[in-house]
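Take this structure first; my questions come after.
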Amino acid sequence: MKRGFSILAIVTALLLSFALYEALIAAPTERTMGDVQRIFYYHVPSAWTAFLLFLINFVASVVFLIRRDTKADILALVTAEVGVVFCTVVLVTGPIWARPVWGIWWTWDLRLTLTLVLWLIYVSYLVLRRFSTSSQTPVLASVLAIFGALDVPLVYFSIWFFRTQHPSPVIGGGGSLDPRMAHVLLINWAAFLCLAWLVCWTRFRLEVLEREVEEAQALESLLEGSR
Amino acid sequence: MSFFGITRATLAKDVRLEWRSKDAINAMLFFSLLVVVIFSFSFDPTAEESRRIAGGLVWVAFLFAAIVALNQTWARELRNQVLDAYRVSPAPANALFLAKALGNFIFVTVLEALMTPLFIVFYKLRALGPTWELLPIAALGTWALVVNGTFFAAISLRTRSREIMLPLLLFPISIPALLGMVNATTAILTGEGSARFWIALLVAYDVVFTSACLLLFETVLEAE
Amino acid sequence: MAEAQSNPDALPAVVADGVVKQFGRLAALRGVSAQFAAGRLYVILGDNGAGKTTLLRTLAGLAQPTRGTISILGTTSVRSVCTQIGYMAHPSLLYDEMSGMENLRYFAGLYGIEDDRTANDRCREVIASVKLDPELERPVGQYSQGMRQRMSLARALLNDPKLLLLDEPFSNVDSRSAQEMAVLLAQMRDRGKTLFVVTHQPGLLEDVADEFVRMDAGKIVNRNAKLRVASQ
């Protein structure tokens, strides 16, 4: 286990460095937008990573509800947390990109809006976990995760139709992508996936340990017969 | 008693109790009135503009009123831990959920019925599209808010800061429904574009989440 | 352990095996293993925080054990025998805004007592058995504490349960009503019901209880037919 973790850490560090180089230096400069466009290599892979993490969260939540397996619950918690972080990256890089290019801070772009709604849903998920007084918080959280997942297609279609009625700039551009740029995009995505995996793994181990401590403390007599 | 018998008995009990404590209803009605007035002071557009934004205004106002109503969904059951009595009985949890959701639906509809004429008057509203379509939109939209609201109110029973948890959980999930309600209403009021897609979206939303609530309510109720 | 006279082949009413109930860092039950025969009146005593209420709630199916198993009336699924269980807690489990009769009529419906006349008769019968007036229109919220406890007991008796779980039935009740309730509980036991009574006033049941069960820090530490012995 430990060795796999170290290998992943090294691979992640290497990939990230390489991806950074590719994105900032090696990738060709975009014709109309210039160097600002390089944010694209952070904006898009972050979104894909976040969506993937939330998908894992959904599966883990369903598995937990059926099997009541603690590990599934911890996986759900971990992917939600890291997913929210990547969502935040998307929501921050979007406006940073949009402002110099289109002169606006925000646009109801499909990806950006979907990310915003997902961010809201998963932040509320994390708040629920924090504020729950129940001994069955994992059950409540899984239920909320399922509701969130059911919402996603509805969010997608509602925004999609809204945009056909109210067109606005698409961040990330429609149309085809230069193959060299696609190449850099994929390298960055691979790097982000490794980073996500690394952070999730760490957080997972941390949470497992925390729960073990909690259980040990609960079963031990702290003070004779007092609460 | 059969499932629907229990739903009916619970709904009847809730209506009777609500009726007895008339001050609660009256306070809610007055609050709804206040909301309309505040909105009218804050957004004072011309008749032409008002048709464009009224859809949004009206539904946000309904949302405010609905949250206040939803927050007290389980108040009576909490007071003496009556929920425990329900849980130890053989009565199905869903019958309770349905009764509460229907009760909220009736209650919020009454509030909407009060607020709507006021909005029409203050904003000089007149629908340019097929007015009758506003009824299914109102029903579907209200149900969308109420079904999830009742469900999340039950989840909030198991949290701290209950009154803020409910809207905190409800608002993000309700975004597609809100888009549906607002855009459908605007389409009818302005007569531009069709509300059909949005009505279909609301139907899909209601079907998906009513099923989800019915499937998962017992799990939430038992998650002490 | 003293044994009362009863059919030795009868299924035990409750069998607990290594039951642990954990709330975060707090363990309310830390390994409860015991058997409780049917048709007996058990009094559960112990200091605050000993786990008495948690045990009762677990028996009622309101709390699931974190570990271990509980078998009630022969099954581990409490839900399947819930029609045979009556539960009374410290809060009244009644709607303050309705009268006693209205409350019980509603709960009778939850237990599947369909027919109007049967339900009315049953509610009247059960309210009378706890020495309250079925025709009293006053809402339960305006009852005295003693009256509320008795009405709460009436609710627990509605479905004529085989297993009665009572949490602090005598709390804040005047001594005469408490004694009447104790007599009523003994009668229930004599009719073959199994009763678990959590109370801080075990003396009230000293003459009628079959066994006193003392809990401390989430475990059963002593069981005896004599109160004095069990309290040590």
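Read from first to last, the chains carry the letters A, B and C; within each, the first residue is number 1.
Rule of thumb we're sticking to: a residue touches a chain if its C-beta (ideal position, glycine included) is under 8 Å from a C-beta of that chain, and two chains touch if they have at least 3 such contacts.
Please read these numbers as outputs of a predicted model, since none were measured by experiment.
Undergrad: Measuring from the mean of all protein Cα atoms shown, which chain centre lies nearest?
TA: Taking the mean of C-alpha atoms per chain, the most central one is B.
Undergrad: Between A-B and A-C, which chain pair is linked by the larger number of C-beta contacts?
TA: A-B
Undergrad: So what's the Cα centroid distance for chain B and chain C, whole Å?
TA: Those two chain centres are 39 Å apart.
Undergrad: Distance between chain A and chain B based on Cα centroids, please, to the nearest Å.
TA: Roughly 31 Å separates the two chain centres.
Undergrad: Taking the mean of the C-alpha atoms as each chain's centre, how many Å separate chain A from chain C?
TA: Inter-chain centre distance comes to 50 Å.
Undergrad: Where in chain A do residues touch two or more other chains at once?
TA: Residue numbers touching two or more other chains: 135.
Undergrad: Quick one: which residues in chain B touch 2 or more of the other chains?
TA: Answer for chain B, listing residues that touch two or more other chains: 224.
Undergrad: Could you tell me which residues belong to chain C and also touch two or more other chains?
TA: none
Undergrad: Would you pull the chain A residues touching chain B in the complex into a rising list?
TA: Its residues touching chain B are 65, 117, 120-121, 123-124, 127-128, 131-136, 139-140, 143-144, 146-148, 150-151, 154-155, 157-159, 161-162, 165.
Undergrad: Enumerate the contact residues on chain B facing chain C in the complex.
TA: For this pair, the touching residues of chain B are 1, 5-6, 9-10, 13, 17, 20-21, 76, 79-82, 84-91, 222, 224.
Undergrad: Could you list, by residue number, the parts of chain A that touch chain C in their complex?
TA: 135, 214-215, 217-219, 221, 224-227
Undergrad: Looking at the complex, which residues from chain C come into contact with chain A?
TA: Residues 20, 22-27, 30, 47-50, 66, 216-217 of chain C touch chain A in their complex.
Undergrad: Chain A touches which residues of chain B in the complex?
TA: Per the stated touch rule, the residues are 148, 155, 158-161, 165, 168-169, 171-173, 175-177, 179-180, 183, 193, 197-198, 201, 204-205, 208-209, 212, 216, 219-220, 223-224.
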